[in-house]
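Each chain gets a letter, A, B and C, in the order it is written, and its residues are counted from 1.
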Amino acid sequence: MKHDTENSTVPSAAQPGRAPLIAMRSALPWIIAAVALALMPVVFASGSALTIMNQMAITIIFALAYNMLLGQAGMLSFGHAVYMGLGGFFCMHLLNQVEYNELYLPLPLLPLFGGLFGLIFAFVIGSFSTRRAGTVFAMISLGVGELIAACSIIIVVFFGGEEGVSGDRTMGPTVFGFDFASQLEVYYLTVIWLLLAALGMYLFSRTPIGRIANAVRDNEERAEFLGYSQRNVRWISFCASGFFCGIAGALFAINFEILTEENLNLATSGSILLITFLGGVGFFLGPVIGAVVFTLLQTVLSLYTELWQLYLGILFVLTVMFFPSGLAGLLAMHVRPWKIGKLGLLARPYVQIAGPGLIFVLASAAVLEILFHARHASIGAEQMSLYGISFNSHAVAPLAFALIVAAASLFIIARLAPALLEAWGDANHGDSP
Amino acid sequence: MTRPPTTHAAVELQNLTKSFGLAKIIQGVDLAIDRGERHAIIGPNGAGKSTLFNLITGKYVPTSGSVLLHGENVSGKKPYQINRMGLSRSFQITNIFPKMTVFENIRCSLLWTMGYRYSFWHLIDRQNSVSQRAEEILDQINMVARRDELAGVLTYAEQRALEIGITIAGGADIIMLYEPTAGMSASETNYMVDLIRKVTEGKTLIVVEHDMGVVFDLADRISVLVYGEIIESDTPQKVRESTRVKEAYLGSVLEEAN
Amino acid sequence: MSLFIVNILDGFVTGLLLFMLCSGLTLIFSMMGVLNFAHASFYMLGAYFGYQISTIVGFWPGLLLAPILVGVIGAAIERYGLRRVHKFGHVPELIFTFGLALLIEEVVQFFWGKSQMAFEAPDVLNFSAFSIAGNAFPAYKVFMIFVAMGVFLVLLYILTKTRVGMIIQAALSYPETVQNLGHNVPLIFMGVFGVGTAMAGIAGVMAGPVLGTFPGMAVVLGSIVFVTIVIGGLGSLWGALFASLLIGWLQTFAASYNVKMADILMAFGLNQPVDMTTSMLRDLWSLTLPQIGPILPYLLMVFVLAFRPQGLFGKRET
């Protein structure tokens, strides 16, 4: 799972000739993923489901590309929306060329051009931003990101000012009879590019440069004394990441047919950091998990509460403090108990703690919701409804009740925690078979 | 020492000085180390050994004078450029890639010299020549059994051995080791000395070391650095007998060794 | 000429304000190696606390209490948050402070909503101190200059005359040595973080009535603050001062001189395209200095980094 350690199963040196390009065993997850993605529209057929899935696929590519920097090369960027956004803007102009100037460009090839634009910008900006790692790189990426986002309002010809640039994806030549007017056709186009891009990024991590990127991340001084210029290694990683960001940008252009300043700004750059970190930067699949969970949270939570960004912020800060390896890291923690056949030991304490845990989360959220409503409800609108119950948010009783429930569930969790820890210790104790 | 005029020494220091602010740490060092020589640099604490080491490896830039590798001046060159000229080093503090496996540590240190450089068109697992070479080095440093462990979880002695492996893997012909046996038990030290002798066979070795047993065991020639100057540079036997060295530094230690 | 003087003064006020944030940020960075991404968020908290206190007991107690409150919160965050993340390394620390910045913005919106607060300068200072050829200069800005200078003098005194100041100074020049003191200095870390955030809080209380107290105020100033310390050189106090004033003046002058690109281009003998709606260069022709004012700091940063990657006054390899 972890891309530093997983790679040790090299075919023994005695094996004659070269190993096959893709061994069946390592191809299997990709085939399963492809089949699952192909079948998704059968299960979730509605238009809004397709929109969410498209959005998810694009976010996954973007997050994976971002993690090529953060996870694999140890570079923290606060302005990475720029490469996806610029790729998208250029593709939008290409689409408009197709529409108005009869440029011959089949739509399925557009992401390739998006990638090239992303690559070109990463090459130019990376030429000075990758000279340093760490904090300096982070600050430069922030500054460049803000610069380009600010330029987008000034350079109206290219960025379209406040309203952005829009286009029509259906104006190109049809491919095998598809004109990509329907959501479903766009879904399959997006998903094919998702698989291609993910495979490309996965393979990149197993090339010499991909490995050396890890080495520079872990110990740049040592890597220099192995003959590698740390700056060049970072620059190449940055360009590769820019390429895949550009692909995501092109897919965004195809899906939404509009790009605005929002695609370039700090908020977008920040959320991709959040997504990637939540998912887990140390794992290839981490950003995928992050993108899926984030998109779901965003669409579902925002339906029910105005405070969803607050919850997300709390979740993010807690993740950084207590689970710096993210959701994928949490899952990976269970690999060992599973391998030694002791995962079952955890079932009981998990089930026991799940109830109070859920109640604690809901009650804490209730406290915040009631306080928020009490503070911001317009005069006369003191009734609020929460979890299907309607009550007066200005009264003391509901708030007190929620507080008591939260405190009580927290108390129960604290009582159950030692048993969980003990079970955790037992489940991890023992030899691997 | 006289050398044929046509060949250059592996490492040559010419009137090398280094100051930090007002403190002149290295005060004019001249030294030539031949190819294939095992050379040890010793000296009391604060003599400037680590500064000298870092000057040769390009981490510090000399205040004046020059460092020549195979006759070529290296001042102002980046560490990676110096490495590509055939010099490889270990570090004072263990310096490995802790989050990678032992095998991966060795493999990464092979990539540049085996010509893969910044390649993104090779899949690393398919390069059997690299894997084979890595296995050979693992065998040389006796770490085959640990190949899939994360380097960060190895014992201290194992990490030092791995670092030696990383240092020699790239095939550099000048190997510089900084206190390779520091903090080791007697048996670990013996093991390490044997290992170093084995893996640096036929190469130029420069070692900075505290342990006199190691130094006299390993070196063909010893330079004694005191207050930033080399006061003696000769065979172990001559250094042992040198009154200057005894006065300056060795006295008590040597008597123990005898 | 008179406009020039007013601009000098205005830019000076902006520069001092920037420096109040940059100096705290630089101190924290030099001591702890942490670039506090949430620094501008503490500035915002200062403004909101100042506003809230001013509605109860007036502006002046707010000017004193709000920064103290901000500093206490800052110190608590260092103690219970940052210190925990510290062992994971600098990048996770930066990510933590980034998350903190997001969270503080959400918390501010939770309590005060999205709209701008009616935080105003006290009546005592609501007059024009002097005017130069018809350009009035408000007394409040004079007051800001004095407070900022006062804070810097106190800071300078602490840094140069006290024992704690000596340690902090040592940390500025020899960060590794002081960091190697390890667990002997966590209290000083907490103190520096608290004082640094409190200074951001003072800046917030003072800027709130002038620049507006709204949830976006941290983002607006935050990026500029980071750009400033990169231009000045990370870890350099003098660099931060120089860059703060430079950017303060740059932005003030850019905003008040309506230089049109069209005039410059025509001075070079170029002709304006007849049809401005279709020309690809229309943005270039319609560009004005106030329009590009906001991006000048970023341009300056790219320019500086191209020639001096360590920043104007930076010495240290980071």
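Simple rule for what comes next: a contact is a pair of C-beta atoms (placed from the backbone, for glycine too) under 8 Å apart; a residue touches a chain by one contact, two chains touch by 3 or more.
Fair warning: this is a prediction, and the values are worked out from it, not measured in the lab.
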Note to self: Tell me the shape of the graph of touching chains, choosing from line, ring, star, complete and other.
What the structure shows: line
Check: Which chain has the mean of its C-alpha atoms lying nearest to the mean of all protein C-alpha atoms shown?
Finding: A
Checklist line | Farthest-lying chain, centroid of Cα atoms versus that of subunit C | finding: B
Notebook entry, point to check: Just curious, how far off is subunit C from subunit A if you go by their C-alpha centres, in Å?
Noted result: 31
Check: Once you find the CA centre of subunit B and the CA centre of subunit C, what distance in Å lies between them?
Finding: 48
Next item on the list: Would you mind pulling out the distance in Å between where the CA atoms of subunit A average out and where those of subunit B do?
Entry: 44
Checklist line | subunit A-facing residues of subunit B, complex | finding: 57, 78-80, 83-84, 88-89, 91, 95-101, 103-104, 107-109, 111-113, 116-126, 128, 131-132, 135, 147-148, 150, 166, 170
Check: In the complex of these two chains, what residues of subunit C are touching subunit A?
Finding: 29, 33, 35, 81, 84-85, 88, 90-92, 94-96, 98-100, 102-103, 105-107, 109-111, 113, 219, 223, 226-227, 229-230, 234, 280-283, 287, 291-292, 294-295, 298-299, 301-302, 305-306, 309, 318
Next item on the list: Using the touch rule from the top, collect the residues of subunit A that touch subunit C in their complex.
Entry: 70, 74, 76, 78, 128-129, 131-132, 134-136, 138-140, 142-144, 146-147, 150-151, 154-158, 266, 270, 273-274, 277, 307, 309-310, 312-314, 316-317, 320-321, 324, 368, 371-372, 375-376
Next item on the list: Sort out for me which residues of subunit A touch subunit B in the complex.
Entry: 4-5, 7-8, 10-11, 13, 15, 18-19, 21, 203-204, 206-212, 214-215, 218-219, 221-230, 232-233, 236, 240
